[in-house]
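Common to both upcoming complexes is chain A, partnered first by chain B, then by chain C.
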Partner chain A sequence: MIEAGPILRAMTRNKLGVILITLQIAFTMTVVINAIFIINERSSLMARPSGLDEANMFYISSVGFGDDYNGPVTVADDLAMLRQLPGVENATVTNAIPVSGSGSNSGVRLSDDESAAAAFAAYYRVDEQAIDTMDLDLIAGRNFNTGDIQWREPGQDLLRQELVISRALGERLFPDRPLNDVLGETIYIAGLQPQTVIGVVNQLQGPWPTNSMVELSMLQPMPSVGGRSTYLIRTEPGERDRLMAEVEEMLVSTNENRIVRGLMSLEQTREESYRIDSAMSTVLWVVISTLIFITCMGIVGLAVFGINRRRKQIGTRRALGATRSEILSYFMTENFLVTAIGVFLGAVLTIGFSIVLTSSFNMPTMAWYYTPIGMLALIVIGQIAVLGPSSGAARTEPAIATRSV
Partner chain B sequence: MLKMTDVSKVFRTELVETHALSDFSLTIDEGEFVTITGPSGCGKTTFLNIAGLLETHTSGEYLLDGTDVLSLNDYQRAKLRNQKIGFIFQSFNLMPDLNLFDNIDVPLRYRGMKSAERKERIEAALESVGLLARKKHVPSQLSGGQQQRIAIARALVGEPLFLLADEPTGNLDSNTAQGVLELLQEINEAGTTIIMVTHDQELASRSKRNIHILDGRISSPALTTVSSEPQAAAASI
Partner chain C sequence: MLFYYLRLSALSYRRNPILSTLMVLAVAIGIGAYMVIFTLNFVMGGNPIPHKGDQLFHVQMDIGNPNESFNPPDQLTYIDSMALMNDGRAFRQTVSSKFGGIIEPDNPELRPFAASGRGASADFFAMFDVPFLYGTAWDSSADEDLQQVVVLSRELNERLYGGTDSTGQTLRLEGNSFQIIGVIDNWNPVPKYYDVNNGPFDTGEEIYLPWNLIVSLELPRGGNTSCYKAVDGVGFQSFLNSECVWIQYWVELQDADQESDYLTFINNYAAEQKQLGRFEKPLNNNLLDVEEWLVEQEVLPDETRILSALATMLLAVCLLNTIGLLLSKFLSKSAEIGVRQALGAHKGSLFIQHVIEAGFIGLIGGLFGAVLASFGLEGIKILLGDDLMQTSWIQLDLNLVGITIVLAVACTILAGLYPIWRACHVNPAIHLKTQ
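Presenting the complex of A and B:
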């Protein structure tokens, strides 16, 4: 850095190349930092747990047809068979699967006045084994018992009044109240009897992973035994894949009046639900690496051009007493100064662009540390890029000073 | 101060070996003004490069101020060049992007000198070549003779043991060349040893000591012609 002053003064006499590379660095930094921020936002969305033991779970649907199909008996038999299969921890029947992208929700209110403000919460209509099957964490109140369950055929009125809610729903409906306090509270759902909260689970995501209200959900003890029943099964670790094949086979062979479909593990479901997000991340990574690569090429190009143009100067400097490491440091410093100007300009652009993104696309605000880390990273990348050409310059023979014309 | 014994320099390429210097032996003492002459390709620049530690010799012994330079590594040679040797080039070799002040500053920065002392020295050097008023100018704003004066100021600013000049007037017209030679003469009279390559036979024949090189060998005795009237000869250079 001993030569920063003269280097800067010399640079002002060769402005064009410096200005172009500075703009390129600033532009690259703006795009790269904002893209990384978007990727991180997406992947932290994707990384949120659903509350279920996803690694060991799968589901499959049975759709009955014909007059001979007896829904209540079939579902009872299927569940009994599933639960006693070796390797199965537990099984339940449900109307919807978390993270799958399809399910139902309803408006939840604290009064029966239908014009009152409502929170929209996903509902799972399940039996008393659901909490154990999903491996949910019951943090207040109690689970359903067998007597709470109303096996319901299509069109049948809903009678039961018990309800288990997610903690997020409890906090939304009753802000600032301890969760134990919420037990016994009555809530209103259009078309149903008033409901009483009997339990709270720590976490249970709704089926729509990108929805901002994904954490609001509830369990209702009213499984449907109509045409279509979806079984959700949790296995012992390592048994899932074997049991997926076995369960499908078993369901197909035990009843002729239904078709079996939609066999999927929860891991596959998660992957499919987030496919667009992961594709977008991949595209952004490609953009990021391409931009960085092109910028490095620009830096290397400018450095090589500048070094070749100044071969004789370098030889003269060597003749006047510059050591190899002083020549190396001359060009590293030159690059550092160019990159530093670029990243300061880039910081302004990055923050400006991020404000635009936040205000026009409803993105969360970028954390403060993105910009300084990005500045530092680009300076390091620039120094690495210019290391090769600079060490080439450092090997210049001092005799160039007298030998070249 | 500078002592060469049987110094040889061989350039090897895949096809040919060029013996640029053969069995070169000479001694140059402090305060001398030595001119080097000889036909093109005879080895003048090679001699100067070896003397100035820009190139290493192939065999023989070269003692610079008592140090055997073959034992030095690249770093030590650079430091020695910086502290003991001043170079003046035929095509001036100024940094076109730096102003005159910064140009003269180059060798001082490599010496790690404090900025106040550098400034003082640079301004004195600019003053001594009569160009202090132009210190913010860049080389392209000067005439050739002025550029060579700046190069001389740069060579002198570090107070070297000796100056090496390779045809310092080769790119100048005769009037301007005369001015530069007078300046070198003054510098020598002030005590700095100068070794200068020249094509000017007349100039060489008038100098206190001339070394004529033919095919990489010293052709006239190294002790050379000492003029009968040193004072007069010095003034006429």
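Presenting the complex of A and C:
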């Protein structure tokens, strides 16, 4: 950091140039840092596991119609056929699919009083093969057995009282209690009999990935055999795509009184549910790279302009004995000072904008290290951008000072 | 004179091609990015039926758990919507909700398939200006007499009948026969303001039928259903009697008097219901017009709102850049300006010359910006895909291209004001000496 004094004094002769670069850097930093923060936020949301073995799973719905459709028989036949297909690990029937965006939830309470505050948990109404099919990790209690299952037709009352809950729901309802201790507890869901917790699974996300309560969920042993049944199927590794086609064909051909729809792998479902997030990330990357490009252009443009205007002074300094590296370091230092002012202003704007994002868009607070890392990164980018013009300036021949005076 | 200055601008561009191209690029990128986000915001946050902005109102009645401070629910219960419908005092009114059903086509080559549907009242079509390709909507007697009539979307008519006039034909839906009385033309308002609770950017339904049939035929209901109290009992009738909200209610009112009368009416109704032990929360009913309703429902996604702030900053950076580059460019021809001044050019004509030169850069930047914006919108369309939401509206129309170019020229001239001022105040003597 040599000769900062003369550089600063020279900068006051070109206030506009300094202001332009400073503002550009400040805005660029605000956009880039906040955009990177948003991208990181979204990708950490997208990276949360659902608890299921998503890579090997798919689902398909069967919708019966007409008077000849027999729900209970169809579902029983379908499940039996699915489970004995070579390559299928297991299959279950459910009312909703995790992460798919569509499902149902209920308010869950610890007392019978309907006006008490409730935790809203997604429910999956499934049979006893669900935990194995989804490949969930049962960390306490027991699985459902065949006797627990109530096959339910539309309009039929719900009788079963057993329930498997997700760990997050357990921790929410019974904070500070070991999960084994939760087994046998009674919980209340409006419209149902009091329910007994018989098991806890480590993780099972609800259907709505953007919901803050996505981890609260439960499995109820009362699959519906009404008009619409959704089968969730887990295959052996590598067999999924082949079986998807095969299962669809099989379901279509085995029953005239239904249509088959909504064949999708869980990976596709995840892609669809998070598509807005990944689109947002892509758009932000484009914004970031464009902005850095434009700002670099601005730095280069103004540096070239400033150097050309001072060509003769550079020549004079060289003639008076300044070395090339001194000229180089002059312009590098000049850029460093301007960029430094820019990043300090940028830090204020960045934090201000992130407060706006937090307060009006429900985003978490930005971690402290984003701002200093961003300041450092922009200083480095500024130095790289100005390296070319500065070394051009350093190559100025001393003889230029003697010409055309 | 204008053409002379334009020619000078072109000459000046060619004399300094790199600097000039950088400027054009900066303007094009800034304006292009801004226009992409502007278009998204403009359409997604817009009112698709502005000429009825003060006539269409969405009805909200505040039922709910008195111990929780939720906003009034988005939809109405069966009990309340039927009470309002039976009163029928609004100029026009409609209940509306979604259903799904299996269609069994007459054509044996087509397999049965699932279709999305909407139950509505006869007024629905007139209220929302639904265009008809063939036939007409049903009238209110069909609502009352439970006539099994349907109106099809253009796409469904295409699929089932190859686009021919299908009115008078019979449609098998959910095991029942319906007479087709109309086919609507392309109608996909964005946002789908008449039903923002079930995906504000979804495509419209394929079948429309008198809403009462959803109840009388117990068609499979679709769409958002929310109950603050458990349904008391089992079966469809218990559900109808419950405090579950699942029906949207819109009214068309002709003036402010009718509006305040209607609000008084629903408030009086709620007060009566309070006597019966319903409506346990303090009175808080809403009559919102389309624009207010779209804002209340936060239809404009957070993403586009965040992006519009970022795009504004991107545009600012690009314009700051342009200021710097214009300054370099104008000052680099100080000598030429000096000569012109020495030959008697006014400051005024120098000013106009440079405004035109800046505007020229802005014009080219704007043209490129429009191209970039349409590429950008195309990219966003690809990123969003066409399977989850309507995306056909994501494109620049002629108006937007016009706005882009005008904005680019205006911004560039604005950015150029200081450089132009500097150019007009060149001291000719200095520059004449060094010639």
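The rule we apply is simple: the second predicted complex is superposed on the first by the 404 of 405 C-alpha atoms of A that agree within 3 Å, B and C clash if a C-alpha of one lies under 4 Å from a C-alpha of the other, contacts with A are read in each partner's own complex, and residues count from 1 in each chain.
Methods note: a residue touches a chain if its C-beta (ideal position, glycine included) is under 8 Å from a C-beta of that chain, and two chains touch if they have at least 3 such contacts.
Being a predicted model, the structure only gives us computed values, none of them experimental.
Participant: Please name the chain, chain B or chain C, that touches the greater number of residues in chain A.
Facilitator: The partner making contact with more of chain A's residues is C.
Participant: Between chain B (first) and chain C (second), which does A:77 come into contact with in this model arrangement: first, second, both, or neither?
Facilitator: After superposing on A, A:77 lies clear of both chain B and chain C.
Participant: Per the contact definition in the header, classify A:318: touching chain B only (first), chain C only (second), both, or neither.
Facilitator: After superposition on chain A, A:318 lies in contact with chain B alone.
Participant: Is A:63 touching the first partner chain B, the second partner chain C, both, or neither of them?
Facilitator: In the superposition, A:63 contacts chain C only.
Participant: Quick check for you: in the superposed arrangement, does A:10 touch first (chain B), second (chain C), both or neither?
Facilitator: Once the two structures are laid over each other on A, A:10 reaches chain B alone.
Participant: One more residue to check, A:28. First (chain B), second (chain C), both or neither?
Facilitator: second
Participant: Taking the stated contact definition, name every residue in chain A that is touched by chain B in one complex and by chain C in the other, in rising order.
Facilitator: No residue of chain A touches both chain B and chain C.
Participant: How about chain B: which of its residues touch chain A in the complex?
Facilitator: That would be residues 45, 48-49, 52-55, 74-75, 78-79, 81-83, 87, 89, 91, 93, 95, 97-99, 102, 105-107, 109-112, 138, 154, 158, 166 of chain B.
Participant: For the complex, which residues does chain C have touching chain A?
Facilitator: Residue list for chain C touching chain A: 19, 22, 25-26, 29-30, 33, 65-68, 102, 104, 111-114, 174-175, 220, 229-231, 234-236, 301-303, 305-307, 309-311, 313-314, 316-318, 320-321, 323-325, 327-328, 331-332, 379-380, 383-385, 387-388, 418, 434.
Participant: Which residues of chain A touch chain B in the complex?
Facilitator: Touch residues, chain A against chain B: 2-3, 6, 9-11, 13-14, 312-313, 316-326, 397-399, 401-403, 405.
Participant: In the complex of these two chains, what residues of chain A are touching chain C?
Facilitator: Residues 16-17, 20-21, 23-24, 27-28, 30-31, 34-35, 38, 63, 65-67, 114-117, 155-157, 190-191, 227-228, 259, 261, 272, 275-276, 278-280, 282-284, 286-287, 290-291, 294-295, 297-298, 301-302, 304-305, 308, 353, 356-357, 361-362, 404 of chain A touch chain C in their complex.
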